[in-house]
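These notes open a run of structures that come right after.
Each of the next two complexes has chain A plus one other chain: chain B in the first, chain C in the second.
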Partner chain A sequence: MKVKTIAGALPLGVLWGLPLMAALVLGVVRGVDADAWRALFEHPQLWPALWLSLFTGIAATGLSLLCTLIILAGLYRTRLWNALQPMAAAGLALPHLAFAIGFAFLVAPSGLLARLAVGGTQPPQWSTIQDPWGLALIAALVLKEIPFLLVTGWSALSRGDQAAHLDGQCRAAASLGHGTGSAWLRIVQPQLLSHLRWPLVIVFVYGSTVVDKALVLGPTQPPTLSLVIWNDLNDAETATNLRGLAGAFFMSLALGLMLAASGLMKTFMARLARPLLSAGPSLASAPKRVAAILGGGVVLLSGVVTLLLAVLSVSPRWPYPAIWPPVTGTKAWLSLFATPAPLWTSLALAATTAVVAVLVAIIWFETQDPSRDRYLLVPALFSLAIPQLVIGGGQYGLFLTLGLVGTPTGLFIAHFTPVMAYVAIVLAGPWRGFDNRYMAAARALSSTPLRNVLRIKLPMLKAPLLTAAAVGFGVSMVQFVPAQLAAAGRYSTLPMEAVTLTSGGNRSLTAAYALALAIPPLIVFLAAGLLGRPRWR
Partner chain B sequence: MTPKLSRRGFTGLAASLPFIGMAKADEGWSAIEKEASGQTVYFNAWAGSPQINDYIFWAGLELKAQHGITLEHVKLSDTAEAVRRVRDEVTAGKADGSADLIWINGENFRTMKRERLLFGPFAEDLPNFALVDVDGKPTTRVDFAEATEGLESPWGMAQLTFFGDFANVEEPPLSMMELLERARVNPGTITYPAPPDFHGTTFLKQVLAETMTDRSMLAVSVTKEEFVEASAPLFGFLDKLHEHLWREGKQFPPTQAQMTQMLADNELLLSLTFNPNEPANLVANGMLPQSTIAWQHDIGTIGNTHFLAIPINARAKAAAQVTANFLLSPKAQGRKANLKIWGDPTVLDLDKLTPADQALFDTTSTPGALLDPAPTIPEPHGSWVPLIEAAWLERYGA
Partner chain C sequence: MALTLRGVSVSLQGRDIIKAFDLDIASGEIVTLMGASGSGKSTLLSFIAGDLAGPFSARGHIMLDGQSLGSLPPERRHVGRLFQDDLLFPHLTVGENLLFGMPRGERASRISRMEAALADAGLEGMAERPPHTLSGGQRARVALMRALVAEPKAMLLDEPFNKLDMELRGALRAFTFDHLRDQQIPCLMVTHDRSDAPAGGRVLLLKDSMERDD
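And then the complex of A and B:
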């Protein structure tokens, strides 16, 4: 048993745990600088920027959770349920930055909506993007996070064993006089929420720390704290870099406090909700209509944004108030395909890291006691909660010492670190929630443990496994900061090309790269959705 | 002129006929060329523009054919990335660095020079340096008030330039006062990028230069106390300007690129750039309309030079020098200055070139070209920049 435990933890430790820990230590060491902290607290934008970051993070998390719950409640046990996964996966595949660019062109004062609704020769003086409260940023975050939460929620509820279980419980509730809404609220939702806990943490951390999206849609005076930090870290002066690092730690601390507070809130809310959950049957029906409107809205907006990106990618110039670009051309796409190497590098990395991460996760889950999962999940969440520049910086320091800078190994680890974290978080709930009576039954039929896992557990957990792999693939496809540091100019990936070109502001080229970044994950997500369907439905 | 030219011609020959006796400098150079052959130069250069990337790709083909050098463009979104990388490598004792040549100027150069991260001096020993217009373009040897001391080789010229659509700005504002007037007449259509964006900071320097009483102060180091007094007119002007700006001066676009996009979308009247030929290039590439015009302020605008530097831990120092020299050649500079290719103004003195080399520079004007160049105002001393940025942030940052 002991040997098995150690052996099972080995791949994860070597490929992920050790490099991550070393990177964190190095990152933290670099972040200890009294002068930098003093300078940070003298920064006039620190507090307003922090509030803005927390506000965007909380609002985006709350709204996306609310919408997700309504959509899932409305569609649960309907014919549309299985169409949900591929649809949401499609929305998930579009990178955040790509979505932000298309969304900005939709809602900006000089954007398509204003052209249709207002017209005239001059754009209206709207504050629809870069508004001082960060509302445009929140809206774009919510629209992108709903698909993520839908996919994770869907795969939790559609898992072979759980689906059958919940189905039975809902039938029982119906026979006791519960309406569909009542059954959802009292049976399905509490179980769902426990699965969504970690994904929600990711949503919150991402929403509070995002840089690229905030640059396109967020306010500037003050900007969100992540942009203040980002500016500092991008400076050539070491002192300013150190202030940025101090800022990154400060931000991580603030986020940690928020998460701790939300943990307390959860316990408190659960107590408040208990009477409601245990109340007798009610006829409340599922919010099908609201769900349809919300779901339809998200699909529609994502579709419009994607179409807009496609049009933008072939229009070098599209001035207000034209409804259609005056000239079109394929120059942007030609320049993308003129250098295909970064695309291949990205695809190869994404496929390898996703597959390896899922394998390593399975080995971990199958060899470790569930109580030990915190040694995986806490660092995983921590690694995602810390601004990428800190991890990337520490990792780079490590690679420099080990001579891994500019090597395929370095590049692999730089991609693998976040991919592994996401895969572990997405997979932990479904895997640990698996009803072990199936395995007990199999054991009783005197089958070998390995055979049981391969023949029973894996097929039943097919949906979450494929989802996790697809999420890993998608995460790898958009890695930028640590990857770029590790590559040191020796390798280029698609996001590196995209980010450098974005710095020049050529919108048609950016749109083309954004779509090129979206298409591979889209295919993978759709494939995962189709292959992951329960066979017995 | 003649000796310089013959030396250039001679070095060309020297590569193929190594036995002929030669001056010591030439001997040194041909040794460098010989060593360079077969090396790979990792050229770290900002890559936000496909035109620039295409130009660097072309240079790579030429270098391969002429010198057997492989040029790899390491695409940066911010040059400070390369500065930090070299610093980290040197700190870690890594002698075989990842960068061989960096496109650089200003704060990044000052930092690398101060921290002794640069190889050299090499720049003024490059054979083609003799063609540089060091007298007419003094910024080719002084980078943001910092002497280059041969640690970087001039590559191209830059000067703050404004541009917009003639249909909307028939009479472009030729001073900050006229810009304020224009903002009053067309509220919400004028803005500038938020500092510390490079262009935003430059806009503030321009306001400073136009509003301060004694402009000679800009050339020297400034104390905090002196700055408060000298910058009073700058902030007095901004206080008046901001209420008429886009979003009433409460929000600013984060980058110049975004501002140019907003101009292209008709959301703004004008944008600004450091490359006087960028507007013409954007017209040629279809991003801006044919009716685009470019202008500079009457009194002159902030101008500087951008350079190529070799990190102290570069692996291919010889090939990096040959590359820098090639990029200074009339052929490379002429192509770079072409409005349809890149449009980056040359650092060379055309009068020093042979007629055949002069013909490499296409001087025909195209739509969007700057018609009436104004004098260059040199960059203020480096000590001004952090003070301007901090004071701006304090006043308008939150």
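And then the complex of A and C:
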């Protein structure tokens, strides 16, 4: 192996690969403690909590997929198709935690919905948040996962050659007597589903294991398994910590089994559906009206939640049943800026992890053969598809061993791990798709390789580089589980403060923190979009 | 069955590229339409098929056996089409590609029709094969049989032999024309290559102002 190849892989290995692997290995080693597993199986809430977690994960994934497919089917090859991407991307702008906080304000018994629908002097006796079935959590997950799946599906269907092929296939299907709905169901959807496999795994694992959102909206008696584990990992007792770690691995095993079962189910369903694909022409048209209602509903609810957060953040008092706050003021924002440490810590971590991740990715892509990208992308996808509790728990053990708990280094690594994974995934396609004839032309002009990269490649790839940095920034801003464990109370970030505030009574301050989570990534995304525009078009 | 065009005009951003075009194609007749790139040949086919999109607009009457197609969506026109690419559906087997367009009915009889069509195209035993395992010539024949088993009342060929080598091109051309004539399907074919035109058939040349060179 060349020196350049080894040297180019070092930054990624040292900053990301080794800590990730060490955390997982150490997590497994610590998690195989027999006493911890015994204690886990004696936990009275284990089984009900597990079923609840699986139910929320499956329901959220299934409903998100169904709504996404209907919206895509209704809008595919229509004039609204190109408007779908920016609208769905806007739906992604509000982080999960911020959305959960706003959604709780909307549907809570004393929330806006009850004020509009019921009124009276006292809030109704609703159990619309923290309900025993986890329905509020499922609804909030679905509303956030639909935009994610829409963006992923839209990208898969709109990518250069693929888009042209599918368009041609749809025209061929029409010439064979198939209506738009039939062509979608039989031609486009089967090909789309193969692109959605990994995103669906991520949605399912996230929905089944989410902690911060479940703390705001999820059931409490019993809670989801992720919260049982979370409480154990945060306990002062080492034995309870180990039970939490065993719980995290138990949960991973359960999810792995579920994914294997869903793989078998998919094969079975595909076989059952096979005759339907070739059943002959049908004039069924695409569900345009249902798609418009569903898509409009998601946009409307996301808009209302964002607006509600904005109004709440400037409403020191908003008693029930007032539809509009009697007084407004900036007290919550002033209070947020009066204790700026969490904000600055979050911003500093987001900026450094994003910039370092982009640099490390560039070094990797410039020094490695494309065939070696699997050593980066497969672990990156894997790290996103396993529960954060597993990585967080393992990292915590690693940091304890190395004395990094509550240190800036520990906090950086905890944030860097997911940021690097996202940046690599976002950047790989554009970087490897770069037309290298430009570099050949530059080399022919006797320019040095470094100068070629700096003067030709980086400026031409400015847009994806800035997008990758913005994605990294946004991912870092919302880290909760690994960050809280690594910080060990010595540092505080915005998500930590926001989650803590949800259990208190200061809605205005909570809303301000939720918005503070969302606004910086939004600004960074907008800036990336503006700065990334090529000058030569 | 006959395909009739009356007063068909095609415009690109307000400028007519085909003006008041009339054409009658009788049952089993194959008319070849030639012209330079950008002369509107493929656009005319899209207009007939009913899926004209993008910067083009068109007007005029299209009739199939005296019935106007103007207000019908593509899937109700019964106008078959072969494209430059075979556009076989990659997630379906060869047999399923044929069944996809075949009118609904008893499963056993549909399958025997599909197998007969494959045998007719010299593709016996290939029903279970995925399209990507076939050669270019085999794929082109599957695409043709797929279009024919859908029982179209007219056929549009949009440079379907363009990407084939010379030897294969001649064989497939003969195979296609024989089938269209046997089934008495009127056909309009667009091509760049005069040798694609069937012997003795009409050839129309589209020039800048839609002149016809019979």
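Annotations
Here, the second predicted complex is superposed on the first by the 344 of 537 C-alpha atoms of A that agree within 3 Å, B and C clash if a C-alpha of one lies under 4 Å from a C-alpha of the other, contacts with A are read in each partner's own complex, and residues count from 1 in each chain.
By our rule, contacts are C-beta pairs under 8 Å (C-beta built on N, C-alpha and C of every residue); 3 or more make two chains touch, one makes a residue touch a chain.
It should be emphasised that the depicted structure is a prediction, and the values quoted were computed from it without experimental measurement.
Partner contacting the larger number of chain A residues, of chain B and chain C: B. Of the two partner chains, chain C is the only one touched by A:A172; chain B is not. Touch criterion met: A:E497 reaches chain B, while chain C stays clear of it. By the document's definition of touching, of the two partners only chain B reaches A:Q221; chain C does not. In the superposition on chain A, no contact is made by A:G13 with either chain B or chain C.
Within the superposed three-chain model, A:P190 lies in touch with chain C and out of touch with chain B [touch as defined at top]. By the document's definition of touching, of the two partners only chain B reaches A:G505; chain C does not. Using the contact criterion defined above for the overlaid structures, shared-chain residue A:P408 touches neither chain B nor chain C, since it reaches no partner.
Using the contact criterion defined above for the overlaid structures, shared-chain residue A:G256 touches neither chain B nor chain C, since it reaches no partner. Contact residues of chain B toward chain A in the complex are 42, 44, 46-50, 72, 74-81, 83-85, 87-89, 92, 94, 98-99, 107-108, 111-112, 188-189, 194, 196, 247, 250-258, 260-262, 264-267, 285-289, 393-394, 396-398. Within the complex formed with chain C, the chain A residues making contact are 165, 168-169, 171-180, 182, 186-187, 190-191, 274-275, 277-283. Chain C contributes residues 49-51, 73-76, 78-81, 83, 85, 87, 89-92, 95-97, 99-105, 107, 110, 146-147, 150, 152, 156 to its touches with chain A in the complex.
Within the complex formed with chain B, the chain A residues making contact are 43-45, 48-49, 108-110, 121-123, 125, 127, 130-132, 215, 219-223, 227, 231, 234-238, 241, 316-321, 327, 329, 331, 335, 396-397, 400-401, 405-406, 484-485, 488-490, 492, 496-497, 499-507, 509.
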